[in-house]
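Notes follow the structure.
The first chain written gets the first letter, and so on, giving A, B and C; residue counts start at 1 in each chain.
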Amino acid sequence: MTTLTIAKTIATALAEEMERDRNIVVLGEEVAAFGGTYGATQGLLDRFGPDRVKDTPISEGIIAGAAVGAAMNGLRPVAEIMGINFAFLAMDMIVNHAAKVHSMFGGQFRCPMVLRTTSGGGRQLGSTHSQTVEHLYAHFPGLKVVSPSNARDMKGLLKAAIRTDDPVMFVEQATMYSEKGDVPDDVDFLLPIGKSEVKREGRHCTVVAYSKMVGVSLKAAAELAKDGIECTVIDLRTLRPLDMDPIVDSFKQTNHCVTVEESWAMYGVGAEVAARLYETCLDYVDAPIKRVATKDVPLAYSGPLERYALPSVDDVVKAVRETVN
Amino acid sequence: MAEIVPMPKLGFDMAEGTLLRRIKQVGEAVQKGDIIAEVETDKATIEVEAYLGGVIKGWVIDEGKTVPVGSPMVVIGAADEAVDLAALGGGPSAAAKAPAAPAPAANGAPSAGKAADPAAVSTPVAATTETGRVIASPVARKLAADAGIAISQIVGTGPGGRVVKRDVEAVVASGVKPVAAPVNKPSVAAPVAPAIAPVAVQAEDQVVPLTKLRTIIARRMHESTSTVPAIYLTIEVDMAAALNLRKQINGLVADDRKASVNDLVLKASALALRQFPNLNSSFGGDQIVRHGHVNVGFAVAMEAGLLTVVTRDTDAKSVSQIAAETKPMIARARDGKVQPADIEGSTFTVSNLGMFDIEHFTAIINLPEAAILAVGATKDVPVVKDGQITIGSRMKMTVAADHRVTDGAEVAQFLQAIRKNLEEPLRLML
Amino acid sequence: MATTTPTKSKRAATENAATPLSNEELLRLYKQMVEIRLFEEKCEELYQKGKIGGFMHLYIGQEATGVGTIAARRPDDNIITGYRDHGAALACGMSARVAMAEMMGRVDGCSKGKGGSMHLADINLKFWGGHAIVGAQIALGTGLAWAEQYKKTGAVTLAYFGDGASNIGYFHESLNLAKVWNLPIVYICENNKYGMWTPVEKVSATTSMAHKAVSYDIPSDIADGMDLLDVYAKTQKAIEHCRNGNGPYFLEIVTYRYRGHSMGDQRAYRTAEEIKKWQADDPIGKFEDVLLKAGIDPTAIDAVDDEVKAMIEDAVAFADASPFPALDEIYTDITIE
């Protein structure tokens, strides 16, 4: 076990995988000489050379396009799109091609690629640079969408993402790169894609979150415990496939649920989780399921405004209290 | 133009009412403000005043019948006006005297329905929607169904009176099994669902269905003890000066203003509450609501159960003023005729069992208040004063307080403040 | 040939003319062009009968482009194209049976009936598909080429697109990256004069597609798309350039789409005279002359025509007999794990 930042964990996981499989190549803006905008590809160029670690033009469409084409033709590219807001420029390639080349051609082609990108607000970058929109990609059958909440999961899930033969959107929360965590040293440490994890158990309310909001939810749960309100906190880890099993199990005990996401609530992850609970667990519902999310506005630059719009520990505490009341 | 007087909403959380008695009969003239009916709500029996004058043209519902708030109850119109009560959804008894005339086009009350067999109609206590559907969460419905309990008989504590899981669990835990239809048929043993802790009923036992008031008390007390982390502190008060003062006051005022010990305690508590606003507050989840008014309620024992009546702005009233208000309220409560204002809005409660010679007890907090004061009897006891044993008048008081709102030290100081007000009773006169 | 579409050779030439290809090869390529033509004419009929659904874009008139370029590839060179893909599929060697079954949404189609007309593909033929999002195949082809470069296979990728797709972002991003990364790819622009229903000059800053390659410093050439031999020769040169590690190459092939953009096209945007002019220069008729000049017996050519007709009838019978996929098949091949 080694304590690493998330950025270092990603670089380490990439290096271990590149060591293992020569077909793994890394491409993206500033990933080679500069080591990645967030330092997540630091050291790879020196170690694996320019054929395997490639800087690209600022051209999201062809970054994703080259990755899909190369993946179809035998490579296992790990492409970095600097931010999920820029990934909109690659959206066609991701949702129309990466997600479809396997099925539309009757299973002939494979697309074993990982598209790493960052998501989330909280850095005073204004409305176009601060969005949390991975759930949009989770809408599409054919893609896997992973968004871990901590360093250990980053390693286990990134490696699993690289090793799966399916295309994976691997979404990292942009303010979390310097967060540290204990990371297993095992070069074959893998976590299954499509498995939620129970992070804390409690009998009053099931709190469902992923990525940065897991930490927020755990803090809220600690706060609520002081007043005797015990929450189960579940980390989705993967948005597609969505593992509802632990959520359903917990909800049948707690009968209350709050979902927490950094994106907007409308048509979001919380909406999906809530809909599934209503579909499968209606007889266990004791109160309306609440969604905590970013306020339904574009994020502002000004710090206090941005913080006000983003979901907070207090928001989660309040929502849980309201639902269990 | 005849007007349909609906089942009135007599409290903020009243969802339905039972017409206990028609005080004005068909054909009788009524003035605005005349009492026309007695209605039983969850909390009390309340006299309903006419809000318009005219002649009672007909009663739409029978005595004893429970209907949602807003359902047509009685029609008041001009003396010579023809009214088709059948078209208003009245039962046969109501329609009996109604002249056959074209139905008024719009009566806006389709939910009243035709009178059904009264035996088949239950008396729901749960909150209902406008269409009469009981407001209950799905899991509450399922648990109630599994336990064989009629959901309509469970009082909801969730938002808007929603029956939630804990309400069903409380009923299940109580071992009582409310069902929709009357169950007091001695020859038929009511099936007991295994989910309820069964109460063995022997032949000599008497099964008494829970009254509404009893149901409310059961639910409220359970809710309080199961949700409030309470702390209990007791203090002893030298009552000699207070009793002396009471004697003096009562020598000066008319009978209807004579103060009881309880009135002194109400005043003493009210003044202390002004000093300690946390004790005059409600716990609101993520906030504490400190009430602006000090409205001290006190428990009145009745045959059917317990009712808390309320003195308003108690801190600002004189002892004799308080006495003048409490007496009729107690009388109304014992007659089952309290008005909504008598029982709503308390911010703190006093429960006094001194008249039963109880020395000391603890009371259960009356949610959503933060504290309750349990007052025992004043007793003559030997006390040591200046090295000599003498006879002193002593009274024990115990506060139960919501520890989420306040802490032991604060409650202790609060109790000291009440004591000081009673031991130096001129403070009550200021 | 019994079809009305191609303008046939006058069969006047008799002298033996030298070609870079053997007579056998000439006949094979002729057969491919006829196969494409008759296949598509049959598709038109089946579409009208409701046996083929969706959008269908016909290649008729452009046969020399597909056949001529693909004839110049090594078997391991990659082919990827857009939605007008029947010609490329058949030229790559897909059987008319499998192609027709796919057109009709049957289980024996190349993509098990999940792709249809616009999404024919066969990974074993290194035919990476028709792709119906305009220009996407340019980017995907660039990725295919990158993988070959990385694996040092020497294989070259031929990525096809129309003049319309040269205005899309993928085109420019791909050419730029291919040049920067020195990728072995021939970008083949089939300039058929119309992007959907709009003439190229109305929507493109330059009507010369080859000009567009200049700004990316990619060498280019222009071929006559009605002349299979010209297409073949210039493609050979382009592939050679890439195979030798010189980076990408751009080939504009000037051709003409006889049919509309897709089925149901009113063709009001162009004149009958214009179509006639191009049909007079029909690539199949023109190539028949080449065969005759090469000394191939006309009866051998007629025999090919008959063989292809029978082949197409057989393909239709095969496709008709092939069942629709089981309904449960919708749940397969979405992800691998």
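Methods note: a contact is a pair of C-beta atoms (placed from the backbone, for glycine too) under 8 Å apart; a residue touches a chain by one contact, two chains touch by 3 or more.
Since this is a predicted model, take the numbers as computed values, not measurements.
Asks: Which touching groups survive when chain A is ignored?
Replies: Without chain A, the chains split into B | C.
Asks: What pair of chains is linked by the largest number of C-beta pairs in contact?
Replies: The chain pair with the largest number of C-beta contacts is A-C.
Asks: Which one chain sits nearest the middle, judging by mean Cα positions?
Replies: A
Asks: Averaging over Cα atoms per chain, report the distance between chain A and chain B in Å.
Replies: Computed value for the inter-centroid distance: 53 Å.
Asks: Please report how many Å separate the Cα centroid of chain A from that of chain C, as a whole number.
Replies: Here the centre of chain C sits 41 Å away from the centre of chain A.
Asks: Taking each chain's centre as the mean of its CA atoms, how far is chain B from chain C in angstrom?
Replies: Each chain's C-alpha centroid was found; their separation is 86 Å.
Asks: Provide the residue numbers of chain A that touch chain C in the complex, in ascending order.
Replies: 25, 51, 54, 56-57, 59, 61-62, 64-75, 77, 92-93, 96-97, 101-110, 141-142, 144, 164-166, 193
Asks: Spell out the part of chain A that touches chain B in their complex, as residue ranges.
Replies: 227-228, 255, 282-287, 314, 317-318, 321-322, 325
Asks: Could you pull out which chain C residues touch chain A in their complex?
Replies: Contacts found on chain C: 78, 109-115, 119, 121-123, 128-129, 131, 133, 136, 138-148, 150-151, 169-170, 173-174, 176-177, 180-181, 332-337.
Asks: Inside the complex, what are the residues of chain B that reach chain A?
Replies: Touching chain A from chain B are residues 137-142, 158-159, 162, 164-165, 229, 285-286, 404.
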